[in-house]
Each structure stands twice: as structure tokens, then as C-alpha cells.
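Note that the chains are named A, B, C and D in the order they appear, and that numbering of residues resets to 1 at the start of each chain.
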């Protein structure tokens, strides 16, 4: 009974809290720019509205066009179930779940890009190509980051991996993971979710043809993914294991908030990079994670 | 039950089918499916715990007594051969029928039987001399299958390249077995780990079998051979034939002692093969060539597992070695299944449209719904995505690598390297197969061929369906396969006895099953709920552009453009460009070709050097008798000098 | 007496052929003699006679190990010759049939010669007797080939005469009785004058090496094989070269007895590798499929020479290889002769697509290619594997590396030419000329028989043959 | 012994004549004369001259001195050639090579381990010099006839060496060797004749159709 209750609670936490993050980021951006900005709960309103809208489908698209977003959403949601929430722990935890989590995110990416390609549009093809290409380097960085955690904790399960004793590698890891977060969630400086110039976008341009509930699933999935990365980043960097449950919960919440504000700050202070420079930044992220791995190796020895 | 009778039955049926192949297609089909099934049954028996089967005959061939042996390691591979041999035969019945290819179909059937038969023998013969015989007849059968459609020049040159590379590998094995028998005094094979002096022989085996397996710098023959062969042949070549190379490496690293560096080298080459194989695959514009390069990647993944197991066995039989080897063996199955499926799907596309060019395909899902569906299953599997089988084996390999890293021994560095490269390769595989699936099946047809395509017949769809079903089964219930794989691992390394499925594997099995349920439920719900809300079908919005044409779609080359740029240092993309000029440009052109880098930039120059030397030498034979007599005098002098020098010492 | 019949019957046949009136029926003498010869040699193989040690001629183990192959090859060629000469009815066949029979008679003599002088006489006689066979076609090209064959071959044969003299002098120097049988020479052993033995070895190796076709004395081979009819090529490659090879083996045994075996082996190994290398390079470039066979023959002579340098194990492998190579080469020569006749050219620039025009010959040709490049399950695979094993056993790792590299290059060259001939779409001119050629049983069965025998030899080597090779190795390397 | 050495000396001189002459008739004549000299040698060498020895001597002298030179001369006349032109090795270098070779042959023969009874004889140096001369002609001359003469002189050299063994080898073998050699030269002569008819020339530069 307790297990089911815990599961439902965690699920609700993930599902309900996720759309808050984009709202917070937008609020931070507006604040920095001196505007009032949209309400923090704007995404909730959007989702509700989209859910009731009708669907328009391209003549070229197959059923996978609307199944894709659903699959992507399920995949991200499944990934969140593997990520421990501080003292609340994860719904499912076993040796090697970290790899499953990475590949669930990959599955989500696959479903999104596949659905994008359904339309036969050059724009969405372009977005999909960018998405899968930049993911290559992000994936390498993620593997390096996870290896770092594994080395630090001697474990290959997220539940224990994400409670490292804080080491010198934390700073490097934080920087690397934060960069990965930005690229995986298509934020500035890799992508600009606010622009409407199709040629410069990644994620937005992929979902140009989606409408109604599928678009809602996509948007919600994206916010879930952002939350997942924020949670992951916070726990990977801070020594969660050393805190008492209450403190840990507070620290996790604060951490997620800090990350969110950080994203907003970056978006306010930086411009989007030209595409030629994106790989460079990503390579830097990979190197940061690899250095973190080396430092962790030395530190744990 | 004993496995022996089944194996004998399989050999008999396959032999008969080789005889029947030319005349009686139906009898052939029955025999070869029966043979494949019997072979698979024998393997399943051994893998499910029946005692391994060993038989020594008094009958001598080439002066050596026959010695057959089916242990769990052979059985792992034999099961795959049986399945693909049968499925491919059914597929060929529709794909390469007598009606369409009256000249080559009978030949194709006979050689198919020879191929499956000789692969079965390679896996079961336990005498070096006979192993070589079976090995070479397997190689030659494959050659004749590749060149079945001998009319096309590309096919012929691909066939020749395969034959040449294969022969190079065979000669290394020639030396390997000759040296082995010279050292041990017998052609008989079996465990001989105690004789440490045999360790350096491993390098010969690695080269010889590596050529066949398509290990990265030795893969030069693979893309063109697999691309130009008839698709059922590509399926068994990629699915089973290259696994014979893996089998060889595993077999002789298990039976013979290996040098200390072996694990490092194998895991290194495996990781590099994985990354570069998929990088090349992503850049290809030819459907089957892309699939072929992807086989290089997957062999790389398998060899990472194998190399890791070798490292573990030299590092005091570490536990993670078992995981790696189990992952590798499971990936042998998985890759065989999904690559067979994908090549058959590619065959259906080729059959329907007559082209393998990605830039001429597109939008086939409407005309080939079943092919599309099954190809999509293959795509999900090959990209290593949960909840299908490709993920399970890759997960085992990753888990082994992570464990190796956390064990913090010296081999951790190899594991870190391999894990990073595998991760990158995994993301690239996803990118590649999004590209393939999308450019072939999604969007609008890019040419008239794709627009007039037609679905394949049942003989072609049924084997694809069977393979897809196996992919799903292995993905959802990996614990079913575990005992078999564990026995294979135990056969490789006796100190690693077969145990029950590890807890993590059970968990991943459960997770896969749950995920599949969730995904299917989600998909069904989405489709039913949201279809009800479908307002209308409209032109792709495309930011409001109202006259889209099929040629405006993102093409294969543009999809891969970014990554091709990153891998420019090894891909060497060649660009033919004509920019639009003037106010109203009439023509513009942009052609990108990805060369076979190793072949064109390494092998070809070396070959040219040899040819140059040869043509230089040929000038010595210029028809003048005077010179010929001078050569005799020179030879006399040289021989005299040799003898004098020997006398002086 | 039975052994002498091997020589007398063909020579008598040659005489009859020379006197026979009818051009139409004369060729049937060939299979008649061939059958008798084959039956005799198989009988002798099964029940070897006792040879007096001092005999000048005799069916000793070395002859027994090789002569039946020559017999077999001649038998296949004789059947083929009937079909061939019927096609070539425009040319008289009196000289051809008579000399062919004389060649086989003299070959039988050469293989049985146990005396230095007799051996030389028989070998030289074979060389001369083959001359009319070479220019059977009567074209200027054929005369040119014959001219080169005669002068290069003549130089070689003269060198081997000089070598024989030197060996005789070595014996005389050591107080020999003037008995030049190999048994007597070997019995002198260390008493032989070593410098003269070595000089003799160099000269004999160069001389008989010319006859064998070891590089760089092989230059006559491509011309002769390219211009002569296919049967002549098959007999030269499988029969005549083996006389020279067994001659070298016999001389090597004397050199070994004199205590210079190691030096002889070094030279054999070196010249063998050199031959293989040269052949491989030439195979990479040649554009004529009959000349290709000649270079392949050079390559295999190199293999024999290498094997001969590896002691008794190597000699066993060498004799095995003599058989497997002879049979396979025979099949290749005869099938290529069919293709050559049908296409009216031997150049790969003009001939292609023969799989469509002469399917059965093309099939034998392709199978022969795989056989001759040591692909199992044909005979050469097993014999070459034995050679490699013997070389590895003797620790010649570098030599084995070169050996395998040459095999690979040779495979590239051979397969390139063969598939160019067989595959593709035939030219109209080829189609037209092939209409005049019918693949009759007489033209197909002999090469198929030889190929089948090569297969059978590899898979199920008869014990009698194994035993004969062992005995020959024992004769050449007597246990101390 | 002195008579023999005198004959060998003459033969060595004829080598130089053959090397230095540009006219084909003189080469043929020198070769023929050398053949006759060789025929006489066994008569000088043997102590008890039986009919067999006489037969061998007469056969050698006739074959090498008359028949084959005759054949060559006929071919020469039929081809209307008198002179060797543009040899690969010029006449002066040939002559120098021949002279140097003769000196070297003397030196080499001295270092060879000969039996005492042969040490003073010119047989070995004569053989070496003739063989060298033969090679130079075979390699250096363009006309087929000169090459055949070269081959003859080369064989003469071997014959000279063979004389070392006379008496210790059975006559049957000697006769066989001789027969083979003669037939060989005869066949070569016939082929030269055929080539002359087929090509209407005896220039070996035309005989280079067969090549790689």
C-alpha cells in the first residue's frame, strides 16, 4: 500500500511540478529585462488550452505523427521514475538503471524526431537533424558524468550514485552537466525557445506541425525533462547522503530552484551561439565531465 | 534429449537441400527450413542444459579423422545460423524466385545450402584441417551468393573485393592452424590453455577472423559486399556470416592462452569499430551500405564485450567479465535478428522501388505498411532503444564496463574509453536510424520509383515478421535467454559457471515489459483519443509555404551534414558543387560522396604501389632472348655467391 | 621389366605413329598407349618391383612417387588429344602424335633414371622431343616461342651437363670408381670433394631449375605455354617440370650425403621464394590467361623448391604437391584450351563472358582457379598446408610470411584474370567464334576428370600414395 | 699434354676471333674450326685408341665442324645477311671481355681444387673461356646465327670440361651426351631455318612479339 502511495505521490510531484520550471525561467528573464512577463503558471494554462484543441495533421503523416509525442512523453516519465527525489528515493532502482535512464531519454528523442520527420518538411528535418547531432556529444558527456559518479560512489545505481561525497570534481561536473542540461533542453546558448525564426531553432522547429493534445504532450514532456536534469544536476553535485531527510528535501528544492534561475540568468545574459560554435561548447562539456572523471579517480584513490 | 541426432539431422537435411536446390525449389525450401530448425533445436538443447555433444568418427578426410563437437559456445552461434538460414531461405523464395531470376535462382539456392551447411560445420568441426576446409567453403559460397546477380559491374567488383579480403584472412588462418598443429603435433582442436607458448598465435587468429568479422580497419570488403549482394544474402552475411569471425576469436581465445595485451587490443579495436562504423553509416546515402556499416558498429560492440571478458579473465576472473561476455553473446543474437530483419526490409524496399538511394525514396509507409512496421521494429532494436532486444545486450555491456570502472583495476581505463565511445556510437546509431527510417518511409516520395512502390508478398513478409517477433521476445523477456547465454559464457571460461539470471537483469526485464505496456497503452490511448479530435488533414504547414515539393524535404546528406563535418578527418567527404549563378540560375548541383576511406586512402595506394612494382617487373620480360640468357647468368652468379657466402661461414 | 615397358611401349607407339597412314585414325594411338601406360604404372605403384642398387634405370621409390601422376596426366591428355586433333584436322598430326608418344616414353625414362648421365640424357631428350609439339600451330609466334624455349632451355640443359661433369669430377677427386649412379655417389659421402660438389649443385640447380621454370630462368615458360596447344602445356607443366624436380631431389640427396645439405637447402629456399615473388608480380599484371597459367606454374615450382628445402617432411609435402598441382594444372590447361578455342583469343582484353558461351569449361576453369590457389577441399590446399606446416616446424617464420604474401598476390592476379574471362557480357566477335566450338564430352571429360582427381586426392589421399611419398622421402633422406 | 694444350690454346684464340668479328661467315668458320679441334682432342688425350674413340672423334668433328656450320651458312645465304649489325655488346668491348675472361679463367682455374694430373692442363681455363665467350655472344649479338654460334662455343666449353672425365665415364654415357648435344644443335639449326622462312629475317629484334 505504502509503495503504491509513494509511487503515486512521486508521480504527482513530477507531473505537477514540471511545468513550473519554464514559467520560472521566463519570470527570471522578464525580471532581468525589467518586464513583468507572463505568469509563472503560464505553461499550465497553455497545456490546459491545448488539451481541448483539435488536431491538424499533415497529409503526409502516418499515425506515428501523433503516437510519437505520446511515446516520448511516456519515455521521459519512465525516466523520471528512475531518478531519486532526495529523501523520497526513486520508484524503481536497480543496478544499471542509470543506463536505462539515458536510453529512455534517447527513446524520447527518437520518438520526437521521428514524429518531426513525418511531415516531410525541410524545417522539421533540419530541427531533427540538429537535435540528434548535438545529442551525440551530449550523450558522451552524460556517460562521462555518470562514470564520474560511479567512480565516486562505487555504485552503478542512481539511488546510491546520486549521493556522492562532495569532491573537487563537483565543480567540473556541475559545469559539464549544466551545459548538457542547456543543450538537452534546447536552451540558450544552443537554442532559443523564444525566437520564431525557424532557421535558428532546434526543438521548436521540430514541433512546428504539431497541434492540440500532442503538442501539449510535447510541451509537458519537455518540462519534465528539464526538471529531471535539474534534479539530476543538484543531486550529482551536492552530498545528499550526508543530510537528514528534511534538510535533503529542502536542499533539493533549493538546488532545482537555483538551476532554474541559473538557466534564466544565462538566457538573459547570453546570446544564442552561432551553430558553428555549438560543437565547441559541447566538446567543452564533454571535456569538463572527463576531467571530472579524472579528478574523481584521483580523489577516490 | 541429446543434441547429436538433431545435429546429424540438420547436416543431412542441409546436404540434401544443396543437391535438391537446383531443380526442386519447394523441396529445397522444406529441407533447408527443416535443416535450420534442426540445427536450432540441437543448439537449444545444448543451451538448455543437455550435455554438449562430441563425436569422433573413424572416417578420414584429408588424412584426419572427423571430429564434431557442439558445446554451448558453438550452440549460441548455431542457433542464429539455423534461424537466419531458414528465414532467409523463405525470404529468398519470394525475393529471388525462379520467375524473376531464371538463370541465377537455382544457383542461388544451391549455394545458400552450401553456405548454411558450411557455417554449421565451421561451428561444429573440431579439427584444424577440417575447420579450414569448412571455413573456406563458407567463404566461397558467400562469394557466389554475393555475385548471384553477376551482370552488374558493381556487384562483380564488390564480390571480388570480398573474395580478396577473405582470402587474405584465410591465409592468416592457414598460418594459424599450421603453426598450431606444428607446435602441438596434431590437428585436433580443444582446450589447450595450459600451453602458454601458444599465446602469440592469437594475433594471427585475430587478424584472420577479424577480417571476416569486419573489424574496423579490416572491414574494407564489408560495405560494398553487403550492399551489392541480394538482400537475403546481405541478411545472412550481416546477421550470421560475420559472426563466424566473432566465433573464431571467441573460440580460440577460449581454447588457447591469449597474450596479456589481447584484451586491450580487442576492446580498443572494438570500441573504435563501434564509433567509426556508425559514423560511416550515418554519412552513407545508400540504404544497404548504411546497414552494412552499422554491422561494423555492432561487431565493435560485440568485441568490446569480448575484449572486456579477456581483460577480466587476465585480471583474476573478475565478475564483470561475465556480464561483458554475456552482453556480447546476447548481442550476437540480437544483431543477427534485427540486422537480418533490416536487410530483408531493405530488400523489400529495393524490390518495390528498384533503388537503394535514400535520395530517391520516401513516403513508403503508405504503400508498404507491413514492411514499414517491421522495419520500424528493427530500427528501434538496432538503435539500442528500450524496450527491444538491442537495448538489453548493450545494457549488459555497459553494466560490465561500469563495473569494470568501479572495480578500479588497470582495466578500468580500457572500460572508460570503451564506455565513452560506445555512448557516442549509441547516439549516432539513433541519429542514423532516424535518418534511415525517415528518408525511406516518411514524408513524401522523392521519386517516381518510390511513388509507385508495392508491398512485398507473404513469403517475404513472413520471415520478417518472425524475426521481428524474436526481437520483441528477446527484448521483453531477456531472462529467457539468460540461461543459454550463461552456458555460452561458461563454455568460454570454465571458471565462470552458469548462474541464475542476475537480479539486475530480472529488473531490466521487468522494466522492459512495464515500459512496453506503458508505451503501447500510451500509443493506443493517444491514437484513439486524439484521432477523435482530428480536425482535418492539411498540407504540411512549413511556416506557411503553400507549394511544397518532395524535393524540398530534408535529404539524407543534409540530415547527416553536421556529424559528417565532425568526422571529416576520417570520412573525407568529397563534394561536387555547382553554385547557382546569375539572376535566374538555371542549374545548380551539390553532390556529396563519402569514400571508403580505408580502401581508397590506404589500401588503394598500397595496391597501386604493388601494381607499379609489378608493371616495372613485367618490363623485364620484354621479349628479348639476350636478356633472358643474361638472367640465367645472373642467377648463376647469385647462387654462386650464396654458396660461397655459406662456405665462408 | 614392367618398368622398362613404361618406356618401350610409348616409344614403340611413336614408331608406329610415324609409320601409320591415316590421319583420322592415328590419334587413337594416344589413348591406347595412354591406357596401357596408366595400367602399368598403377600396377607398379601397387606392387613396386625390387630395384638393384647399382641399376642405372629402375622403378625406385622416387619414380614410384611421381611417375603414376605423369601417367595419369598423359592419359587425360590423350583422350583430350583425340577431340582436339579432330578439331584441328587441317593440320597433319603425324609428327604431333609421334612426338607426343616419344615425350611420354622419354619422360618415363627420365623419372626412372638412377644414373647422373642417363638422367641428363633423358631430360635433354624430352626437351628436344617437345619442340615439334610447341610449334604445332605453325604461326610465327609459335616459332618465336620455340626459339626461346630452345635457347633458354638449351642453356639450362648445358649448365646441368656441366654440373653433372662437376659432380663426376667431385667423385673422381674423391677417388671414385667412375660409377655415376646416385647410389654410388651418395655412398662416397664425405669423400666427395666439397668444392666441386657445391659448384655442381649451383650449376645443376640453375640447369634443372631452367627446365622446371624457377625464376629467373623461367622466361621461356609464358611464351611456350602461351603458344603451344593446351595439352602440351598440361604435359609440360605437370610432367616435364617434375622430371627436372625429381632430378634436383636426387642430386640434393647426393649433396646432402657429401655434408652440404644445409647450403643446398638455403639456395633452394631462396630460389623458391624468389620464384614465388616473381610469379606473383607477373600474375598481378598479365592480361593473357594462358600466360597466366605459365606464371602460376612458376609459382608452384617455387613452392616445390621451398618444400624440397625442408627435409623429409618437406619432401613428402613436395611430392604431394607435385600430384595436386599437376592434376589441377592439367584441368586448368585443358579447360582454358577450350575457352581459348571458343573465343579465338587468350587475351582478357578480348575475351569475357565465357560463362555464357562455354558454361561447362568456364565452370571447370573457375573451380580450377580455386583449386590452384589452395582453396579447400582441393588437393593443393592440403599439400600447401603441409608445406607451410613443415616450414613453420623448421622455424622459417619470415619465409612463411613471404610465402603467404606471394600466395595472396598470386590469388589477386589469378582471380582477376579468371573472372574477367568468365564474367561479363561477351563481345559479338567472341559470340560468333564460339558458335564454331562445341563443348564435346572429349573436350570436357578430361579436365573434369583431372579436377575430380585433385578433389579426391585432397580429401581421400590413398594410402598407397602416402606410403610411396614416405618411401621416396626415406630414399632421399636415408636414416643415418 | 703439350699437344693438347696447344689445341686448347688454338681453340681459345678462335674464341677471340668469334668475339671480334663482325662478319657472320668468319664467326661460323671460327666455330666450325673449333668444332674440328675439339674432335681431334680425344685422339690426343687417349692412350689406347679404339674404334669407339675414333667414331666419337669423327662424329664430333663432322657434326660441329661441317654439318651445323653448313646449315647455318645456308640460312645465312637465304636471309642475305653477311654482317652483324648494332650488337648489344660492341665488338671491341666483346673482345676486351673475352680477353679479360681468358685471363680470369686462367686465374680461377688455378684456385680450383684440381687433381694433380689436371693442374697443368689448359682444359679447365679453356672450358671457362669458351663458356664465357658463348655467353657474351648469346647475350650480346642481334643476329640469330651469331647466337647459335655462341651456343655452339658455349657447348664446346662444356665439352672441354667433359674431357677431364674421359676415361672414367662409360663410353655409352659419353655417346649419349654427344648424340643429345648434336641433335640439340641440329634442332636449333632447323628452327633457325624455319624462323628465316616465317619472318624472312634472322634479326632477333623481330622476335620480341611475345612479351608482357
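To be clear about the criterion, a contact is a pair of C-beta atoms (placed from the backbone, for glycine too) under 8 Å apart; a residue touches a chain by one contact, two chains touch by 3 or more.
Worth saying up front: this structure is predicted, and the values here are computed from it rather than measured.
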Worksheet item: Expressed in steps between touching chains, what is the minimal separation of chain A and chain C?
Response: 2
Fill in: Any chain in contact with chain B as well as chain D
C
Practice prompt. Write out the two chains that share the greatest number of C-beta pairs in contact.
Written response: A-B
Worksheet item: At what distance in angstrom does the C-alpha mean of chain C lie from that of chain B?
Response: 43
Response to the item:
Rounded to the nearest Å, the gap separating the Cα centres of chain A and chain D is 98
Practice prompt. Provide the C-alpha centroid distance between chain A and chain B, rounded to the nearest whole angstrom.
Written response: 35
Fill in: Where chain C and chain D are represented by their mean Cα positions, the distance between them in whole Å
31
Worksheet item: What are the residue numbers in chain C that touch two or more other chains?
Response: 147-148, 151, 155, 222, 282, 285-286
Discussion item. Where in chain B do residues touch at least two different other chains?
Written reply: 618, 621, 625, 629
Item to complete: Would you please write down the residue numbers of chain A that are in contact with two or more other chains?
Response: none
Worksheet item: Between which chains is there touch?
Response: A-B, B-C, B-D, C-D
Worksheet item: What does chain B use to touch chain A in their complex?
Response: 362-363, 365-366, 372, 376, 380, 383-386, 391, 395, 398-399, 402-403, 405-406, 408, 416, 419-420, 422-424, 426-428, 430-431, 434-435, 437-438, 441-444, 502-504, 507-508, 511, 515, 518-519, 522-523, 525-527, 529-531, 533-543, 548, 550, 552-554, 558-563, 566
Discussion item. Quick check on the complex: what are the chain C residues that touch chain D?
Written reply: 115, 117-118, 120-121, 124-125, 127-128, 131, 135, 140-141, 143-148, 150-151, 154-155, 157-158, 161-162, 165-166, 168-169, 172-173, 176, 178, 180, 193, 195-196, 222-223, 226-227, 282, 285-286, 291
Worksheet item: For the complex, which residues does chain C have touching chain B?
Response: 147-148, 151-152, 155-156, 159, 198, 201-203, 205-206, 209-210, 216-217, 219-220, 222, 262-263, 266-267, 270-271, 278, 281-282, 284-286, 355, 370, 373-377, 381-382, 384-385, 388-390, 392-393, 400, 404, 407-409, 411-412, 415-416, 419, 423-425, 458-461, 466
Discussion item. Considering only the defined contacts, which chain D positions touch chain C in the complex?
Written reply: 112-113, 115, 131, 138, 144, 147, 151, 154-155, 158, 161-162, 164-165, 168-170, 173, 176-177, 179-181, 183-184, 187-188, 191-192, 194-195, 198-199, 207, 209-210, 212
Discussion item. Quick check: in the complex, which residue numbers of chain D touch chain B?
Written reply: 88, 135, 138-142, 147, 204-205, 207-212
